[in-house]
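Next come two complexes, and both contain chain A; in the first it sits with chain B, in the second with chain C.
The block that comes next holds the complex of A and B.
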(Lines of atoms letter the chains of each structure in order from A and count residues from 1; the text may use other names and numbers.)
(Lines give C-alpha, C1' and ligand atoms only; values in the text may rest on other atoms or scores of the structure.)
Protein backbone atom coordinates (compact mmCIF):
# COMPACT_ATOMS: atom_id res chain seq x y z
CA UNK A 1 0.00 0.00 0.00
CA UNK A 2 1.48 3.34 -1.03
CA UNK A 3 1.21 6.78 0.60
CA UNK A 4 -1.85 7.91 -1.36
CA UNK A 5 -3.76 4.74 -0.58
CA UNK A 6 -2.98 5.15 3.13
CA UNK A 7 -4.12 8.79 2.94
CA UNK A 8 -7.36 7.74 1.25
CA UNK A 9 -8.12 5.19 3.98
CA UNK A 10 -7.31 7.78 6.71
CA UNK A 11 -9.64 10.32 5.06
CA UNK A 12 -12.42 7.74 4.75
CA UNK A 13 -11.99 6.95 8.44
CA UNK A 14 -12.05 10.67 9.27
CA UNK A 15 -15.29 11.20 7.39
CA UNK A 16 -16.92 8.22 9.10
CA UNK A 17 -15.68 9.50 12.50
CA UNK A 18 -17.21 12.93 11.79
CA UNK A 19 -20.52 11.31 10.89
CA UNK A 20 -20.45 9.32 14.14
CA UNK A 21 -19.53 12.38 16.24
CA UNK A 22 -21.62 15.07 14.58
CA UNK A 23 -24.36 13.03 12.93
CA UNK A 24 -26.61 12.56 16.00
CA UNK A 25 -26.32 16.25 16.86
CA UNK A 26 -27.33 17.27 13.36
CA UNK A 27 -30.21 14.78 13.35
CA UNK A 28 -31.50 16.28 16.62
CA UNK A 29 -31.11 19.75 15.19
CA UNK A 30 -33.04 18.95 12.03
CA UNK A 31 -35.91 17.10 13.73
CA UNK A 32 -36.28 19.17 16.92
CA UNK A 33 -35.30 22.52 15.46
CA UNK A 34 -32.34 24.77 16.13
CA UNK A 35 -32.40 25.27 19.94
CA UNK A 36 -32.06 21.60 20.79
CA UNK A 37 -29.58 21.00 18.01
CA UNK A 38 -27.18 23.86 18.65
CA UNK A 39 -24.56 21.55 20.24
CA UNK A 40 -24.85 19.40 17.10
CA UNK A 41 -24.13 22.40 14.89
CA UNK A 42 -21.14 23.37 17.03
CA UNK A 43 -19.80 19.80 17.06
CA UNK A 44 -20.26 19.61 13.29
CA UNK A 45 -18.43 22.91 12.84
CA UNK A 46 -15.57 21.93 15.17
CA UNK A 47 -15.10 18.44 13.69
CA UNK A 48 -15.32 19.86 10.16
CA UNK A 49 -12.72 22.50 11.02
CA UNK A 50 -10.34 19.97 12.62
CA UNK A 51 -10.65 17.50 9.75
CA UNK A 52 -10.26 20.31 7.22
CA UNK A 53 -7.10 21.65 8.87
CA UNK A 54 -5.55 18.19 9.27
CA UNK A 55 -6.39 17.28 5.66
CA UNK A 56 -5.00 20.59 4.37
CA UNK A 57 -1.72 20.19 6.30
CA UNK A 58 -1.35 16.59 5.16
CA UNK A 59 -2.08 17.56 1.54
CA UNK A 60 0.51 20.36 1.53
CA UNK A 61 3.13 18.06 3.09
CA UNK A 62 2.43 15.05 0.89
CA UNK A 63 2.07 16.90 -2.46
CA UNK A 64 5.82 17.54 -2.65
CA UNK A 65 6.58 13.87 -2.00
CA UNK A 66 4.36 12.56 -4.78
CA UNK A 67 5.75 11.65 -8.18
CA UNK A 68 4.11 12.75 -11.43
CA UNK A 69 1.93 9.62 -11.84
CA UNK A 70 0.61 9.90 -8.29
CA UNK A 71 -0.10 13.61 -8.86
CA UNK A 72 -2.14 12.72 -11.96
CA UNK A 73 -4.11 10.10 -9.99
CA UNK A 74 -4.74 12.64 -7.21
CA UNK A 75 -5.77 15.33 -9.72
CA UNK A 76 -8.27 12.94 -11.31
CA UNK A 77 -9.70 12.14 -7.87
CA UNK A 78 -9.92 15.88 -7.09
CA UNK A 79 -11.81 16.52 -10.34
CA UNK A 80 -14.28 13.74 -9.48
CA UNK A 81 -14.77 15.03 -5.93
CA UNK A 82 -15.22 18.66 -7.05
CA UNK A 83 -17.73 17.56 -9.68
CA UNK A 84 -19.71 15.61 -7.08
CA UNK A 85 -19.54 18.58 -4.68
CA UNK A 86 -20.91 20.98 -7.30
CA UNK A 87 -23.61 18.48 -8.31
CA UNK A 88 -24.54 17.93 -4.65
CA UNK A 89 -24.80 21.68 -3.93
CA UNK A 90 -26.83 22.16 -7.11
CA UNK A 91 -29.27 19.34 -6.26
CA UNK A 92 -29.43 20.28 -2.55
CA UNK A 93 -30.25 23.91 -3.38
CA UNK A 94 -33.08 22.90 -5.65
CA UNK A 95 -34.27 20.24 -3.19
CA UNK A 96 -34.65 22.92 -0.49
CA UNK A 97 -36.44 25.11 -3.04
CA UNK A 98 -38.95 22.37 -3.87
CA UNK A 99 -39.40 21.08 -0.29
CA UNK A 100 -39.84 24.44 1.43
CA UNK A 101 -41.34 26.37 -1.43
CA UNK A 102 -40.32 29.43 -3.37
CA UNK A 103 -41.44 32.12 -0.90
CA UNK A 104 -41.03 30.37 2.45
CA UNK A 105 -38.04 31.03 4.70
CA UNK A 106 -35.55 28.30 5.53
CA UNK A 107 -33.76 27.92 8.88
CA UNK A 108 -30.28 29.42 8.78
CA UNK A 109 -28.65 26.19 10.01
CA UNK A 110 -29.57 24.49 6.73
CA UNK A 111 -26.82 26.42 4.91
CA UNK A 112 -23.78 25.27 6.97
CA UNK A 113 -25.26 21.76 7.21
CA UNK A 114 -25.55 21.61 3.42
CA UNK A 115 -22.06 23.03 2.91
CA UNK A 116 -20.36 20.76 5.45
CA UNK A 117 -22.29 17.73 4.15
CA UNK A 118 -20.97 18.63 0.70
CA UNK A 119 -17.41 18.85 2.06
CA UNK A 120 -17.66 15.48 3.78
CA UNK A 121 -19.10 14.00 0.59
CA UNK A 122 -16.23 15.55 -1.36
CA UNK A 123 -13.58 14.00 0.91
CA UNK A 124 -15.43 10.68 0.73
CA UNK A 125 -15.58 10.74 -3.09
CA UNK A 126 -11.92 11.81 -3.36
CA UNK A 127 -10.82 8.94 -1.12
CA UNK A 128 -13.06 6.45 -2.93
CA UNK A 129 -11.78 7.67 -6.32
CA UNK A 130 -8.18 7.18 -5.19
CA UNK A 131 -8.89 3.69 -3.89
CA UNK A 132 -10.82 2.74 -7.05
CA UNK A 133 -7.96 3.90 -9.30
CA UNK A 134 -5.36 1.96 -7.30
CA UNK A 135 -7.61 -1.10 -7.09
CA UNK A 136 -8.09 -0.97 -10.87
CA UNK A 137 -4.30 -0.75 -11.29
CA UNK A 138 -3.74 -3.77 -9.03
CA UNK A 139 -6.52 -5.70 -10.79
CA UNK A 140 -5.02 -5.01 -14.24
CA UNK A 141 -1.74 -6.42 -12.97
CA UNK B 1 -3.77 15.15 -34.90
CA UNK B 2 -3.97 11.35 -34.83
CA UNK B 3 -3.54 9.19 -31.74
CA UNK B 4 -0.66 6.79 -31.34
CA UNK B 5 0.88 4.02 -29.31
CA UNK B 6 3.80 4.71 -27.00
CA UNK B 7 6.00 1.71 -26.27
CA UNK B 8 9.24 1.47 -24.30
CA UNK B 9 12.28 -0.71 -23.74
CA UNK B 10 12.71 0.01 -20.03
CA UNK B 11 12.54 -3.63 -18.95
CA UNK B 12 15.12 -4.73 -21.56
CA UNK B 13 17.44 -1.82 -20.78
CA UNK B 14 17.27 -2.56 -17.04
CA UNK B 15 18.49 -6.08 -17.60
CA UNK B 16 21.18 -4.90 -20.00
CA UNK B 17 22.32 -2.43 -17.33
CA UNK B 18 23.48 -5.14 -14.93
CA UNK B 19 20.01 -6.37 -13.98
CA UNK B 20 19.05 -3.05 -12.45
CA UNK B 21 15.99 -3.41 -10.22
CA UNK B 22 12.82 -1.37 -10.64
CA UNK B 23 13.50 0.25 -7.27
CA UNK B 24 17.04 1.26 -8.29
CA UNK B 25 15.75 2.88 -11.48
CA UNK B 26 12.93 4.55 -9.55
CA UNK B 27 15.43 6.03 -7.09
CA UNK B 28 17.67 7.20 -9.94
CA UNK B 29 14.91 9.09 -11.74
CA UNK B 30 12.96 10.22 -8.67
CA UNK B 31 9.68 8.33 -8.93
CA UNK B 32 8.06 5.42 -7.12
CA UNK B 33 8.53 1.78 -8.07
CA UNK B 34 4.83 1.61 -8.94
CA UNK B 35 5.39 4.26 -11.61
CA UNK B 36 8.21 2.22 -13.18
CA UNK B 37 5.93 -0.85 -13.15
CA UNK B 38 3.09 1.13 -14.77
CA UNK B 39 5.47 2.41 -17.48
CA UNK B 40 6.89 -1.04 -18.21
CA UNK B 41 3.35 -2.38 -18.59
CA UNK B 42 2.50 0.48 -20.96
CA UNK B 43 -0.20 1.83 -18.63
CA UNK B 44 1.46 5.16 -17.98
CA UNK B 45 3.08 7.55 -20.46
CA UNK B 46 5.73 9.60 -18.66
CA UNK B 47 6.21 13.33 -19.00
CA UNK B 48 9.00 14.54 -21.27
CA UNK B 49 11.35 15.49 -18.36
CA UNK B 50 10.89 12.03 -16.79
CA UNK B 51 11.46 10.34 -20.16
CA UNK B 52 14.75 12.23 -20.50
CA UNK B 53 15.78 11.30 -16.95
CA UNK B 54 15.14 7.63 -17.72
CA UNK B 55 17.13 7.80 -20.96
CA UNK B 56 20.02 9.49 -19.11
CA UNK B 57 19.88 6.85 -16.37
CA UNK B 58 20.52 4.22 -19.05
CA UNK B 59 23.00 6.43 -20.93
CA UNK B 60 21.13 6.10 -24.22
CA UNK B 61 19.19 8.52 -26.48
CA UNK B 62 15.49 9.04 -25.81
CA UNK B 63 14.52 7.17 -28.98
CA UNK B 64 16.24 4.04 -27.71
CA UNK B 65 13.95 3.96 -24.70
CA UNK B 66 10.63 5.21 -26.06
CA UNK B 67 9.04 4.55 -29.43
CA UNK B 68 5.95 6.19 -30.83
CA UNK B 69 3.82 4.42 -33.42
CA UNK B 70 1.13 6.62 -34.90
CA UNK B 71 -2.17 4.81 -35.50
CA UNK B 72 -3.53 7.46 -37.86
CA UNK B 73 -0.49 9.18 -39.37
CA UNK B 74 -1.16 12.67 -40.67
CA UNK B 75 -0.66 13.08 -44.38
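The block that comes next holds the complex of A and C.
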Protein backbone atom coordinates (compact mmCIF):
# COMPACT_ATOMS: atom_id res chain seq x y z
CA UNK A 1 0.00 0.00 0.00
CA UNK A 2 1.57 3.33 -1.07
CA UNK A 3 1.28 6.79 0.54
CA UNK A 4 -1.71 7.91 -1.57
CA UNK A 5 -3.67 4.75 -0.79
CA UNK A 6 -3.00 5.23 2.93
CA UNK A 7 -4.12 8.88 2.62
CA UNK A 8 -7.31 7.77 0.86
CA UNK A 9 -8.14 5.30 3.67
CA UNK A 10 -7.41 7.96 6.32
CA UNK A 11 -9.66 10.47 4.48
CA UNK A 12 -12.41 7.89 4.18
CA UNK A 13 -12.21 7.16 7.93
CA UNK A 14 -12.10 10.89 8.66
CA UNK A 15 -15.24 11.52 6.62
CA UNK A 16 -17.13 8.76 8.43
CA UNK A 17 -15.97 10.17 11.78
CA UNK A 18 -17.05 13.69 10.74
CA UNK A 19 -20.51 12.41 9.75
CA UNK A 20 -20.80 10.63 13.11
CA UNK A 21 -19.84 13.85 14.98
CA UNK A 22 -21.38 16.54 12.73
CA UNK A 23 -24.75 14.83 12.18
CA UNK A 24 -25.83 14.73 15.84
CA UNK A 25 -24.15 18.16 16.35
CA UNK A 26 -26.33 19.85 13.73
CA UNK A 27 -29.38 17.92 15.01
CA UNK A 28 -28.79 19.21 18.58
CA UNK A 29 -28.29 22.80 17.31
CA UNK A 30 -31.55 22.59 15.34
CA UNK A 31 -33.44 20.94 18.23
CA UNK A 32 -32.29 23.54 20.77
CA UNK A 33 -32.40 26.38 18.19
CA UNK A 34 -28.90 27.58 19.20
CA UNK A 35 -28.20 30.98 17.61
CA UNK A 36 -24.40 31.32 17.44
CA UNK A 37 -24.58 34.73 15.73
CA UNK A 38 -21.95 36.52 13.66
CA UNK A 39 -19.04 35.84 16.13
CA UNK A 40 -19.76 32.10 15.81
CA UNK A 41 -19.68 32.33 12.02
CA UNK A 42 -16.46 34.38 12.02
CA UNK A 43 -14.71 31.95 14.40
CA UNK A 44 -15.80 29.01 12.20
CA UNK A 45 -14.61 30.86 9.08
CA UNK A 46 -11.19 31.72 10.59
CA UNK A 47 -10.70 28.13 11.82
CA UNK A 48 -11.67 26.79 8.38
CA UNK A 49 -9.30 29.22 6.66
CA UNK A 50 -6.35 28.25 8.89
CA UNK A 51 -6.99 24.52 8.44
CA UNK A 52 -7.41 25.05 4.67
CA UNK A 53 -4.13 26.96 4.35
CA UNK A 54 -2.19 24.37 6.39
CA UNK A 55 -3.67 21.55 4.26
CA UNK A 56 -2.85 23.48 1.06
CA UNK A 57 0.81 23.97 2.10
CA UNK A 58 1.14 20.30 3.07
CA UNK A 59 -0.44 19.22 -0.24
CA UNK A 60 2.03 21.37 -2.24
CA UNK A 61 4.95 19.69 -0.41
CA UNK A 62 3.58 16.16 -0.91
CA UNK A 63 2.68 16.89 -4.59
CA UNK A 64 6.41 17.38 -5.37
CA UNK A 65 7.20 13.91 -3.99
CA UNK A 66 4.72 12.08 -6.24
CA UNK A 67 5.71 10.44 -9.53
CA UNK A 68 3.96 11.19 -12.84
CA UNK A 69 1.61 8.17 -12.59
CA UNK A 70 0.51 9.06 -9.04
CA UNK A 71 -0.01 12.72 -10.05
CA UNK A 72 -2.26 11.61 -12.90
CA UNK A 73 -4.30 9.33 -10.60
CA UNK A 74 -4.66 12.07 -7.95
CA UNK A 75 -5.65 14.66 -10.56
CA UNK A 76 -8.34 12.33 -11.96
CA UNK A 77 -9.69 11.72 -8.45
CA UNK A 78 -9.78 15.47 -7.74
CA UNK A 79 -11.65 16.20 -10.99
CA UNK A 80 -14.20 13.44 -10.24
CA UNK A 81 -14.76 14.62 -6.68
CA UNK A 82 -15.17 18.28 -7.66
CA UNK A 83 -17.57 17.34 -10.47
CA UNK A 84 -19.64 15.22 -8.08
CA UNK A 85 -19.72 18.07 -5.52
CA UNK A 86 -20.90 20.63 -8.10
CA UNK A 87 -23.46 18.23 -9.58
CA UNK A 88 -24.79 17.31 -6.13
CA UNK A 89 -25.11 20.94 -5.01
CA UNK A 90 -26.87 22.06 -8.19
CA UNK A 91 -29.24 19.08 -8.29
CA UNK A 92 -30.06 19.31 -4.57
CA UNK A 93 -30.64 23.06 -4.58
CA UNK A 94 -32.83 23.02 -7.66
CA UNK A 95 -34.71 19.94 -6.38
CA UNK A 96 -35.51 21.75 -3.11
CA UNK A 97 -36.45 24.87 -5.11
CA UNK A 98 -38.92 22.94 -7.30
CA UNK A 99 -40.31 20.72 -4.52
CA UNK A 100 -40.94 23.54 -2.03
CA UNK A 101 -42.09 26.05 -4.63
CA UNK A 102 -40.52 29.36 -5.59
CA UNK A 103 -42.46 31.52 -3.12
CA UNK A 104 -42.28 29.30 -0.03
CA UNK A 105 -39.74 29.52 2.82
CA UNK A 106 -37.31 26.80 3.91
CA UNK A 107 -35.68 26.26 7.33
CA UNK A 108 -32.20 27.85 7.60
CA UNK A 109 -30.57 24.53 8.58
CA UNK A 110 -31.18 23.12 5.08
CA UNK A 111 -28.30 25.23 3.66
CA UNK A 112 -25.46 23.99 5.92
CA UNK A 113 -26.83 20.44 5.75
CA UNK A 114 -26.64 20.56 1.93
CA UNK A 115 -23.17 22.12 1.95
CA UNK A 116 -21.72 19.70 4.52
CA UNK A 117 -23.30 16.71 2.73
CA UNK A 118 -21.67 17.94 -0.49
CA UNK A 119 -18.26 18.26 1.19
CA UNK A 120 -18.50 14.79 2.76
CA UNK A 121 -19.59 13.33 -0.57
CA UNK A 122 -16.65 15.07 -2.28
CA UNK A 123 -14.05 13.60 0.11
CA UNK A 124 -15.74 10.19 -0.10
CA UNK A 125 -15.68 10.20 -3.93
CA UNK A 126 -12.05 11.41 -3.99
CA UNK A 127 -10.90 8.62 -1.65
CA UNK A 128 -13.00 6.01 -3.45
CA UNK A 129 -11.67 7.16 -6.85
CA UNK A 130 -8.06 6.88 -5.62
CA UNK A 131 -8.61 3.40 -4.19
CA UNK A 132 -10.49 2.18 -7.28
CA UNK A 133 -7.78 3.45 -9.64
CA UNK A 134 -4.99 1.81 -7.62
CA UNK A 135 -6.98 -1.43 -7.29
CA UNK A 136 -7.54 -1.40 -11.07
CA UNK A 137 -3.80 -0.95 -11.64
CA UNK A 138 -2.95 -3.85 -9.31
CA UNK A 139 -5.53 -6.02 -11.09
CA UNK A 140 -4.24 -5.12 -14.59
CA UNK A 141 -0.68 -5.87 -13.84
CA UNK B 1 -2.01 38.89 -26.21
CA UNK B 2 -2.90 35.21 -26.74
CA UNK B 3 -6.35 33.58 -27.01
CA UNK B 4 -6.53 32.65 -23.30
CA UNK B 5 -5.81 36.25 -22.26
CA UNK B 6 -8.39 37.66 -24.71
CA UNK B 7 -11.01 35.22 -23.40
CA UNK B 8 -10.16 36.13 -19.79
CA UNK B 9 -10.46 39.88 -20.51
CA UNK B 10 -13.78 39.35 -22.33
CA UNK B 11 -15.22 37.35 -19.40
CA UNK B 12 -13.92 39.73 -16.72
CA UNK B 13 -15.33 42.79 -18.54
CA UNK B 14 -18.82 41.36 -19.07
CA UNK B 15 -19.12 39.90 -15.55
CA UNK B 16 -17.93 43.20 -14.02
CA UNK B 17 -20.35 45.16 -16.23
CA UNK B 18 -23.26 42.93 -15.18
CA UNK B 19 -22.47 43.17 -11.45
CA UNK B 20 -21.84 46.95 -11.53
CA UNK B 21 -25.00 47.69 -13.54
CA UNK B 22 -27.09 45.49 -11.23
CA UNK B 23 -25.67 47.26 -8.14
CA UNK B 24 -26.36 50.70 -9.68
CA UNK B 25 -29.90 49.72 -10.72
CA UNK B 26 -30.72 48.37 -7.24
CA UNK B 27 -29.22 51.47 -5.58
CA UNK B 28 -31.28 53.81 -7.80
CA UNK B 29 -34.53 51.86 -7.38
CA UNK B 30 -34.14 51.33 -3.62
CA UNK B 31 -32.40 54.48 -2.32
CA UNK B 32 -33.25 57.21 -4.85
CA UNK B 33 -36.72 56.23 -6.09
CA UNK B 34 -37.58 54.56 -2.77
CA UNK B 35 -39.21 51.39 -4.10
CA UNK B 36 -39.60 48.43 -1.69
CA UNK B 37 -36.84 45.79 -1.74
CA UNK B 38 -39.16 43.20 -3.34
CA UNK B 39 -39.41 45.45 -6.44
CA UNK B 40 -35.94 47.07 -6.29
CA UNK B 41 -34.24 43.68 -6.49
CA UNK B 42 -35.49 43.46 -10.08
CA UNK B 43 -32.24 45.31 -10.80
CA UNK B 44 -30.53 41.92 -10.42
CA UNK B 45 -31.81 41.27 -13.95
CA UNK B 46 -28.79 43.21 -15.20
CA UNK B 47 -26.67 40.23 -14.11
CA UNK B 48 -27.88 38.63 -17.34
CA UNK B 49 -25.32 40.82 -19.14
CA UNK B 50 -22.63 38.62 -17.57
CA UNK B 51 -23.92 35.82 -19.80
CA UNK B 52 -22.39 37.59 -22.81
CA UNK B 53 -19.03 36.42 -21.41
CA UNK B 54 -20.01 32.93 -22.57
CA UNK B 55 -19.67 34.04 -26.20
CA UNK B 56 -15.87 34.14 -25.82
CA UNK B 57 -15.21 30.73 -27.47
CA UNK B 58 -17.25 31.84 -30.51
CA UNK B 59 -15.49 35.20 -30.85
CA UNK B 60 -11.93 34.06 -30.13
CA UNK B 61 -11.79 30.88 -32.16
CA UNK B 62 -8.86 28.42 -32.10
CA UNK B 63 -6.52 28.68 -35.11
CA UNK B 64 -6.71 25.38 -36.96
CA UNK B 65 -3.43 23.47 -37.04
CA UNK B 66 -1.65 25.95 -34.78
CA UNK B 67 -0.40 25.18 -31.27
CA UNK B 68 -2.53 27.44 -29.06
CA UNK B 69 -1.05 26.75 -25.62
CA UNK B 70 2.21 25.41 -24.18
CA UNK B 71 3.19 24.00 -20.76
CA UNK B 72 3.42 27.50 -19.24
CA UNK B 73 -0.13 28.38 -20.39
CA UNK B 74 -1.41 25.10 -18.98
CA UNK B 75 0.24 25.81 -15.61
CA UNK B 76 -1.28 29.31 -15.53
CA UNK B 77 -4.71 27.88 -16.35
CA UNK B 78 -4.29 25.16 -13.69
CA UNK B 79 -3.38 27.72 -10.99
CA UNK B 80 -6.25 30.00 -12.05
CA UNK B 81 -8.70 27.07 -11.82
CA UNK B 82 -7.50 26.24 -8.28
CA UNK B 83 -7.91 29.90 -7.23
CA UNK B 84 -11.36 30.09 -8.84
CA UNK B 85 -12.73 26.91 -7.24
CA UNK B 86 -11.22 27.71 -3.82
CA UNK B 87 -12.91 31.14 -3.85
CA UNK B 88 -16.20 29.66 -5.00
CA UNK B 89 -16.14 27.04 -2.20
CA UNK B 90 -15.48 29.84 0.29
CA UNK B 91 -18.36 31.96 -1.09
CA UNK B 92 -20.75 28.97 -1.08
CA UNK B 93 -19.74 27.93 2.44
CA UNK B 94 -20.17 31.44 3.83
CA UNK B 95 -23.51 32.00 2.09
CA UNK B 96 -24.80 28.63 3.38
CA UNK B 97 -23.66 29.24 6.97
CA UNK B 98 -24.71 32.91 7.23
CA UNK B 99 -28.51 32.43 7.76
CA UNK B 100 -27.90 29.38 10.02
CA UNK B 101 -25.62 31.31 12.37
CA UNK B 102 -27.19 34.78 12.22
CA UNK B 103 -30.93 33.98 12.12
CA UNK B 104 -30.78 30.65 13.99
CA UNK B 105 -31.30 27.05 12.77
CA UNK B 106 -35.10 27.15 12.96
CA UNK B 107 -35.55 30.51 11.23
CA UNK B 108 -37.00 30.38 7.73
CA UNK B 109 -35.50 31.92 4.62
CA UNK B 110 -36.76 32.27 1.07
CA UNK B 111 -36.13 29.23 -1.11
CA UNK B 112 -34.70 31.65 -3.70
CA UNK B 113 -31.49 31.65 -1.61
CA UNK B 114 -30.58 28.20 -2.92
CA UNK B 115 -30.34 28.86 -6.68
CA UNK B 116 -29.01 32.36 -5.96
CA UNK B 117 -26.08 30.97 -3.93
CA UNK B 118 -25.06 28.55 -6.64
CA UNK B 119 -25.45 31.11 -9.41
CA UNK B 120 -23.22 33.47 -7.38
CA UNK B 121 -20.72 30.63 -6.96
CA UNK B 122 -20.72 30.00 -10.72
CA UNK B 123 -20.21 33.68 -11.45
CA UNK B 124 -17.35 33.75 -8.90
CA UNK B 125 -15.63 30.79 -10.57
CA UNK B 126 -15.62 32.48 -14.00
CA UNK B 127 -14.66 35.92 -12.65
CA UNK B 128 -11.80 34.75 -10.38
CA UNK B 129 -10.52 32.39 -13.10
CA UNK B 130 -10.37 35.27 -15.60
CA UNK B 131 -8.76 37.71 -13.15
CA UNK B 132 -6.20 35.10 -12.02
CA UNK B 133 -5.21 34.47 -15.66
CA UNK B 134 -4.87 38.22 -16.38
CA UNK B 135 -2.81 38.77 -13.20
CA UNK B 136 -0.49 35.83 -13.86
CA UNK B 137 0.24 36.87 -17.47
CA UNK B 138 0.71 40.48 -16.26
CA UNK B 139 3.25 39.32 -13.66
CA UNK B 140 5.17 37.29 -16.23
CA UNK B 141 5.39 40.25 -18.65
CA UNK B 142 6.71 42.47 -15.81
CA UNK B 143 9.23 39.77 -14.88
CA UNK B 144 10.52 39.57 -18.47
CA UNK B 145 10.96 43.36 -18.66
CA UNK B 146 12.88 43.74 -15.38
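To be clear about the criterion, the second predicted complex is superposed on the first by the 105 of 141 C-alpha atoms of A that agree within 3 Å, B and C clash if a C-alpha of one lies under 4 Å from a C-alpha of the other, contacts with A are read in each partner's own complex, and residues count from 1 in each chain.
The rule is simple: contacts are C-beta pairs under 8 Å (C-beta built on N, C-alpha and C of every residue); 3 or more make two chains touch, one makes a residue touch a chain.
It should be emphasised that the depicted structure is a prediction, and the values quoted were computed from it without experimental measurement.
Participant: I'd like to know which partner A:67 touches here: chain B for first, chain C for second, both or neither.
Facilitator: The answer is first: A:67 touches chain B but not chain C.
Participant: Which one hits more chain A residues, chain B or chain C?
Facilitator: C
Participant: Counting only touches as set out at the top, which of chain B and chain C does A:2 meet: first, second, both, neither?
Facilitator: Once the two structures are laid over each other on A, A:2 reaches chain B alone.
Participant: A:82 contacts which: chain B (first), chain C (second), both, neither?
Facilitator: After superposition on chain A, A:82 lies in contact with chain C alone.
Participant: Look at A:115 in the shared chain and tell me whether it touches chain B only, chain C only, both, or neither; answer first, second, both or neither.
Facilitator: After superposing on A, A:115 lies in contact with chain C but is clear of chain B.
Participant: Answer with first, second, both or neither: which of chain B and chain C does A:124 touch in the superposed model?
Facilitator: In the superposed model, A:124 contacts neither chain B nor chain C.
Participant: Is A:48 touching the first partner chain B, the second partner chain C, both, or neither of them?
Facilitator: Touch status of A:48: second partner only.
Participant: Which residues of chain A touch chain B in the complex?
Facilitator: These residues of chain A touch chain B: 2, 67-70, 137, 140-141.
Participant: Give every residue of chain B touching chain A within the complex, in rising order.
Facilitator: Listed in rising order, the residues of chain B that touch chain A are 30-32, 34-35, 38, 41, 43-44, 46-47, 50.
Participant: Show which residues of chain A lie in contact with chain C when the two form their complex.
Facilitator: Of all residues in chain A, those touching chain C are 26, 29-30, 33-38, 40-41, 44-45, 48, 52, 82, 89-90, 93-94, 96-97, 100-112, 114-115.
Participant: In the complex of these two chains, what residues of chain C are touching chain A?
Facilitator: 85-86, 92-115, 117-118
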